[in-house]
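Input: structures, listed below.
You will see two complexes here that share subunit A, one where it goes with subunit B and one where it goes with subunit C.
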Partner chain A sequence: MEQLILFVVLVVSGYMVGTFLEKRHYRSIEKRETDLIRLPVVTLEEDVIDETKKIRYAVLAKGNAVISIDYFKRFLSSLQNIFGGNVTAYQTLVDRARREAVLRMIEQAPPSDIITNARIETSAIGQSANRRKSVGSVEAFAYGTAVKYKDD
Partner chain B sequence: MFITNVQSVPGKTIVDHFGLVSGSTVRAKHIGRDIMASFKNIVGGELKGYSELLDEARKQATERMTDQAKSLGANAVINVRYSTSSVAQGASEIYVYGTAVRVE
Partner chain C sequence: MAVLRPLHTELLLNIKMIKFTPKTVTENLNIVKTSPLKQCFILLAGLLAIIFVFYFLLGLSVSWIAPHISPAFEKKIGRLFEDRFYQNENMDESKRLRAILNNLLKGVDEETKAFGIEVRVENNPMINAVALPGGTIVVFSGLLKEIKSDNEAAFVLAHEIGHFKNRDHLKGLGRGLVLLTASVFLTGNDSIATNFIFSQIGNLEMKFSRKQEKEADLFALHLIYDMTGQADGAASFMKVIASQDKRSNLSYYFASHPHPETRMEYINEEIAGLR
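Coming up: the complex of A and B.
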């Protein structure tokens, strides 16, 4: 009985706080994405670098984010696993991690005109990393080469 | 030391190749961060402790790679790739590799 109460409390608090935090995170992601829209981030290699301009510097830009899933969604995903299909509970988790990582890559890089050869990698980390069937938290890591032209 | 993940250092020319250089590190988080993370697992959201831990681990791996490149006489590492794997519960390995070159 006590375990059932604890479970219900965890699911309800996970749902309420988790949904609130997720919405707040999405608002912040969307705001920062619109602010940074002027800086192109491309997955192409060097073809996109303007040959006619002189280059001041080219450095590696990195950004990472570890995002954890809430208790309610973990419960929901185990239900969705029974029937198969879209596991919607995990979609927002990886989406948030990747978008946050890309934003951090841009923010942590020195001022630049273009980020070329952007790569994103994702890995499951934390206690549940080596356990089957449970994804606790995912890490997204984005990196690329930030190029700054000389202004003249 | 120039580090890029494209096939050259933009704006410079490569004069000499030194081959593959790499660096790796295996990190585990300490118990305090672990306890905080398990609380955070209830409500979800970012695990800042883990983000920092992996960031530090990548810095260290990159440092090891650049040290190796320096000892070969290179001044740049190009076409750098990162990979992450979890080797054991609570520990993750960061591996970084690239080609050491001299640029002018």
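Coming up: the complex of A and C.
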């Protein structure tokens, strides 16, 4: 019985705190994406670099983010694992991690005109990383080449 | 690749003409818009419904499966119970009850004999007697303190034989029986799965319905009457129970049984019928 109560408390508090934090995170992501929108981040390689200009520097830009799911999402995903279909519980987890990683890459890069060759790597980390059927935290690592042209 | 190549080249050629236009993404297609709470409730309800149906079917299959378990297989299941109940045997009392039991067994049919019914007295203050799968009746010495005469003890044993005959001790395990049977059958007697299920069945208090108790009572009565030509044990045993205060230990044990007065009534009726 105690275990059941503990479980319900964890699920309910996981839902409330998790939802609150997720909403706050999404507000932050959307605001920063709008703020940083002037800087192009593309997956194309050197072909996008403007050859009419000289390059001042081209450096590695990187950013990573680790996001964990809450207890409610873990519970929901275990239910969804039984019946199949869209595991909606994990969608926001991966989405938040990748967008946050890209934002951090942009924020940490030196002032630049374009970030080329942007890539995102995703991996599961934490206690349950190598266990089957369970997702603990997701790490997203975004990297690219930050290019700054010389001012003429 | 052959198809992709020209497309790729074309894109590269055009890339410098592409003007970068900053644009915010207003709609996120990566995330299906659903209410997680609603989804959680739907899935939970589905899961509970499946569990309920399974549980219900398990309950139905108990009375269907119990008569089909062979005595040999039952002995296999019964071995699981030994650790829990065989601790401190009272040799003298065991011997006394064994003699009574062997006497009683002369009067039962071959089918019931095949269970290989045995009796064992354990030193334990509990006022209780249990019929374990496998044919062993465990009587706790606490019960023998309350009932002293051999006739009354004979009635208790005959009552338990009645439970064996009707396979009540298997049905009494309830849904656990089906799981346990499946597990012993598939994975063996000593497997992890069997031990896990056995530990989950809990304190293994057999729950018998009043109808089952009445049948066992009447079986005991007829058995003893056939053997001895009298039914004093039954009547006096019932008197012992009925005379006990409701809060006393003995009537606590018989709380799961029909009310002593009711038992006395139908037993007296039956005795009158025998004469």
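A few notes on this one:
Throughout what follows, the second predicted complex is superposed on the first by the 152 of 152 C-alpha atoms of A that agree within 3 Å, B and C clash if a C-alpha of one lies under 4 Å from a C-alpha of the other, contacts with A are read in each partner's own complex, and residues count from 1 in each chain.
The criterion applied here is as follows: a residue touches a chain if its C-beta (ideal position, glycine included) is under 8 Å from a C-beta of that chain, and two chains touch if they have at least 3 such contacts.
In this text the structure is predicted, and so the values were computed from the model without any measurement.
In the model built by aligning both structures on subunit A, subunit B fits alongside subunit C without clashing.
Looking at the shared chain after the overlay, A:Asn117 reaches subunit B, while subunit C stays out of its contact range.
Of the two partner chains placed by superposition, only subunit C is touched by A:Phe75; subunit B is not. Of the two partner chains placed around the shared chain by superposition, subunit B is the only one that A:Phe141 touches, whereas subunit C remains out of contact.
The superposition places the C-alpha centres of subunit B and subunit C at an angle of 110 degrees about the C-alpha centre of subunit A, rounded in steps of 10.
Of the two partner chains, subunit B is the only one that A:Lys62 touches; subunit C does not reach it.
Touch criterion not met for A:Val102: it reaches neither subunit B nor subunit C. Counted by residues of subunit A touched, the larger count belongs to B, out of subunit B and subunit C. In the superposition on chain A, A:Glu46 makes contact with subunit B only, not with subunit C.
Smallest inter-chain Cα distance, subunit B versus subunit C, after superposition on the shared chain: 15 Å. Across the superposed pair, subunit B and subunit C both touch subunit A at residues 73. Residues of subunit B that touch subunit A in their complex: 2-11, 34, 37-38, 40-48, 50-51, 54-55, 58, 80-86, 88-90, 92.
Those residues of subunit A that touch subunit B in the complex are listed here as 10, 13-14, 17-18, 21-22, 25, 45-46, 49, 54-60, 62, 64-71, 73, 93, 100, 116-117, 119, 121, 123-127, 129-131, 136-137, 139, 141, 143-145, 147.
Remark: subunit A residues 15, 30, 33-34, 37-38, 40, 44, 47-48, 50-51, 72-73, 75-76, 79-80, 82-83, 86, 88-89, 91-92, 94-95 touch subunit C in the complex. By the touch rule above, subunit C contacts subunit A in their complex via residues 12, 15-16, 20, 22-25, 28, 30-32, 34, 36-37, 39-40, 43-44, 46-47.
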